[in-house]
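Worksheet for the structure shown next.
Chain lettering (A, B, C and D) follows the sequence in which the chains are written, and residue indices restart at 1 in each chain.
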Amino acid sequence: MRHSGGYAASYGAGELDKLVEQRFNEIFEHEVSVFFVATGTAANSLAIAAEARPGGIALCHTGAHVIEDECGAPELYSGCRLAPVGGKQGKIDPDQLRQAFGQFIPGFVHHGRPTMVTITQANESGCVYSLDEIAEIRAITSENKVALHMDGARFANALASLDISPAEMTWKTGVDYLSFGGTKNGCWCAEALVCFDPAKAEEIHFLRKRAGQLFSKSRFIAAQFEAYLRDDLWLELARHSNEMARQLAEKISLYNDLSIPWQPQANEVFVVMEVERAKRLQARGAWFFDFPIPPAHRNLVGEGQNLYRFVTSFSTTSEDIGNFSKLLKD
Amino acid sequence: MRHSGGYAASYGAGELDKLVEQRFNEIFEHEVSVFFVATGTAANSLAIAAEARPGGIALCHTGAHVIEDECGAPELYSGCRLAPVGGKQGKIDPDQLRQAFGQFIPGFVHHGRPTMVTITQANESGCVYSLDEIAEIRAITSENKVALHMDGARFANALASLDISPAEMTWKTGVDYLSFGGTKNGCWCAEALVCFDPAKAEEIHFLRKRAGQLFSKSRFIAAQFEAYLRDDLWLELARHSNEMARQLAEKISLYNDLSIPWQPQANEVFVVMEVERAKRLQARGAWFFDFPIPPAHRNLVGEGQNLYRFVTSFSTTSEDIGNFSKLLKD
Amino acid sequence: MRHSGGYAASYGAGELDKLVEQRFNEIFEHEVSVFFVATGTAANSLAIAAEARPGGIALCHTGAHVIEDECGAPELYSGCRLAPVGGKQGKIDPDQLRQAFGQFIPGFVHHGRPTMVTITQANESGCVYSLDEIAEIRAITSENKVALHMDGARFANALASLDISPAEMTWKTGVDYLSFGGTKNGCWCAEALVCFDPAKAEEIHFLRKRAGQLFSKSRFIAAQFEAYLRDDLWLELARHSNEMARQLAEKISLYNDLSIPWQPQANEVFVVMEVERAKRLQARGAWFFDFPIPPAHRNLVGEGQNLYRFVTSFSTTSEDIGNFSKLLKD
Amino acid sequence: MRHSGGYAASYGAGELDKLVEQRFNEIFEHEVSVFFVATGTAANSLAIAAEARPGGIALCHTGAHVIEDECGAPELYSGCRLAPVGGKQGKIDPDQLRQAFGQFIPGFVHHGRPTMVTITQANESGCVYSLDEIAEIRAITSENKVALHMDGARFANALASLDISPAEMTWKTGVDYLSFGGTKNGCWCAEALVCFDPAKAEEIHFLRKRAGQLFSKSRFIAAQFEAYLRDDLWLELARHSNEMARQLAEKISLYNDLSIPWQPQANEVFVVMEVERAKRLQARGAWFFDFPIPPAHRNLVGEGQNLYRFVTSFSTTSEDIGNFSKLLKD
């Protein structure tokens, strides 16, 4: 509300935009280029496009949002292919990643060529890569001379989970691009691509405009981030939703007919449940969905069962958890 | 503010979204499909993509926003080429349009094939196509079996200018797609593609998602349109900015060394002025820019002069006009 | 040589082109549309493009040429994604295919939507789908309302192997598009896309031209096919190369330290061999390469071993086989 | 025929390929990278793609083959837009080119950015840029830091016309890429992209493969060029077809009701003629077509008249000219 009146320069040239960009520099302890966009899909797709080359291939987890939930946007923006790499709990397995790279021969045009590895932090399975795990993947990308992108639609949740700094999670561990998500943590359509090498900014400016993602009234995203990043609000919100997930998992673990295949590390709890039981819960007003069972975890789900995802957020309350717990009991 | 709390279904499935879609049906007196997007560039590009075919060509005015100011977004979304057609005052000249169509031979693959004509209403020169002019273009597109798109970044201004209904301006005159702009008339990043043939909606849903333009928190655009369209607020705002342009033109016409090459029909006033005079005005705080001289109007601008664009808006006041008028006098 | 002099209409409009198109109708016992192109990659990519829709996905085997060896050409031509499906011996496993289709929900834009299944006949592992196997895949594609494409870079070898007619192998079993390869069986750069639904021809004409694959001197491909298809020359050549592969496999099977993981069904023999033994053979002049081990067959190859591919052709002689056999013995 | 038997390495790695590449170095007196492709459209499109950047724009003449006759292939390969620039006789007018560049502001993403100027030599109007004219365009491209491409579908005719060396026509005057055409001058589908900066070769290799333009049996194009370039055969053929055009123009100029709006400089003669006269000639067996009247020359063609193009070739004979002359007289 504070920033909605008066005049300001458009297309990101306004004072508030500049101020927020500066704020990103401080938070990341690094000079970064920040590109506001409308959706997480756009941020991810821009990142892949920023490193695109003809015949390019971006390697991602088999269940990554970029390959499963973006309807070809990364390919449209970049012209690259996405190649899936397996791994448990939504994390790329380093051995499988090495094997994937092993298929490529420099200069051998038939196979195309890798240009990027993209990881999700926290990921689609509600898990978080440790710094060591990121470093191991970074070592592989360095050896193969490709960039590393982090899809941070739940970046704040991952930071809260590992209790480390934004710098440690990103450029200090070798991340080149970060999709910085605000939407899932309380903003409205405020997403950004953060590029840790400002020399690449000019190219991304053209890529963003070409994608129809350059806002004239850019300040309305800036205004959101201004509030979001002030006084660590973003981290506080993330800590809260993580805590809600922890409480939820605790409640669920009390029931023998429900199993939690891996402990939540952020704001998502995965549960294996009888389909019938899930339907009864949903009929009584619980709002959750089944989730595609990752190939690496097919053994966890028996006949008549399914895998369900429960997501907590900045607005989930202990009371909500209590109400769901009561439903479970009944 | 009213709609910012609580829970709602995401990705356009919420009640507010449905309500606003219904509101569009009423306003256009027609069942329409509405697609919220982040930018006018996205709306235009989606429209062109909705009719795209391999080798497709969208015909537009030489100075149209799609070809001059969207950095290739229409081509990225659609895979089509944009072909410029001349005409005075930012309007496609029907004879030149017929000539352009005359170059294409059905089934002759070398030249590609036209798929769409796109016109801007009100256009980049601040002018408005009359209903007869739209009908003449529609006749040409019908004969050539291509769709007609209207870039309505300033749609409300055009309605206010012609004092006709949204239905008359669009489907009743044969418009197939409308980019419905809210941003320039008071919204924040609230733009929509309106498609008058709901049978094409499914395709556009995929196109929009593929472009990274599907909002999860779609209701925040819906909320803007809900207010924008209520009690004709949008038309009132447009009438105001048009009136401000009229007043501005009146003031400017008092000066012999300033010339208005064509009368403003919406919220933009174009002025031929000595470059030195413009610089002095700008130095004293007037904020306006020179504008690329359209090929069809090169004769209007003499040595040492330039063409300048003055834009009024929903927030321009008579006092602003008065202040500028004083500057001119000094 | 017969057709190289004199004048003829260009771009496929010549008499010889028309005559060869007619010949294709006869061979397939069906009215077909034939599109000459320069490479097999182009034929496959055109087929995928012919069924493309925004967010489209073509399902193929994990080791298919389209996904492994075409450097993104199918994606460039079509804008679609390729999604890999597993299966032994280079054949799509129907259960895995059903599972892959199961991930898609009609109208759910996030995941994209399948538009095609593409199979290779004879495939990259030298194996051939039986008619029953094709029919089973066709049943799945029909249920999911997507087209079926056959990459027939080795189509003649497959026909010779199964000893059935071109019609039985294709439209009678439900194939919609066939990449008809000539290059591997004696032609020079004579490849064609055969479409069994001539109503789709106009679109493909534009797609081909847009891909830079429309030859002005089209008759020089036509001339090759005219000879290739006359008196069953193409099938004779294929029978010969298949027979050479059979003889080669017979020789190889005499050696205990060499193993043939699956029997050749066309003109390729795959052999598991010690890397050192392979190097010695190559040093003595045998020309063959190692082959990426398909994920479904990783268990077949032990430590210090590799998988090698031996390809026979129309020009391989029994003497060649004998010479290689001698090398093996030494 | 000499090269059609025996074995050779595939995909351009064979001895003959290497030998022909070396031959190109000699002819151009420069180390060049040569990329064989199937069509002139492919060569042009590859060149534009080689310099492509997001938001990129290639400037060409309004009547250039790339924009008029390639059905969007340049855009597909490159993702760039083509922007037309006017000029008489099929040549880009330097003033209009400067004006076109003047519209672009470095870093201003809305307009996109120029990446290339492409000229045609000899061009679609049968005219030839002089070395000075090329140099003037090169000066403009250099100032604007974009590359210069020459569409040489009729390169040999231009060389023969100006009687200069391939080096003078290209890199010595600042040409960065040349589409080297063989098809129009006697080859069959033998076209090549010549890049004068071999550092860019790796990228183009991927671009070519991604476009489905990498031949396995590359030697069959190499074999054509081997003969074509030997003993200046290519220049001899071009000189012949130019001479035929000269003779044809001479004959035509004898008739008062036929007018030649500009003198042929290569192998094409343009004639303004009554439509009725043209129809009578065509009915008597003369094979020629009307040609879209370039905007810059609309004043040359009166009511009831049309512009016709007569093309001579390596295989045109003086007898052919004589026969046509007789037809004219009758």
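Here is the rule we use: contacts are C-beta pairs under 8 Å (C-beta built on N, C-alpha and C of every residue); 3 or more make two chains touch, one makes a residue touch a chain.
Just so you know, these numbers come straight off a predicted model, no measurement behind them.
Looking at the partners of subunit C and subunit D together, the chains they share are A, B. For subunit B, the chain whose average C-alpha position is most distant is C.
Rounded to whole angstrom, the centroid-to-centroid distance between subunit A and subunit C, based on C-alpha atoms, equals 39 Å.
The mean-CA centres of subunit B and subunit C are about 49 angstrom from one another, to the nearest whole unit. Taken residue by residue, subunit B touches two or more other chains at 54-55, 70-72, 76, 79, 109-110, 112, 206, 209-210, 214, whereas all remaining positions touch fewer. Touching subunit A in their complex are the following residues of subunit C: 54-56, 68-72, 75-76, 79-82, 84, 103, 109-112, 292. For subunit D in complex with subunit A, the touching residues are 49, 53-55, 79, 107, 109-110, 112-113, 202-203, 205-210, 214. If you check the complex, the residues on subunit B that touch subunit A are 1, 4, 37-39, 41-42, 45, 70-73, 76-77, 183, 188-189, 206, 209-217, 220.
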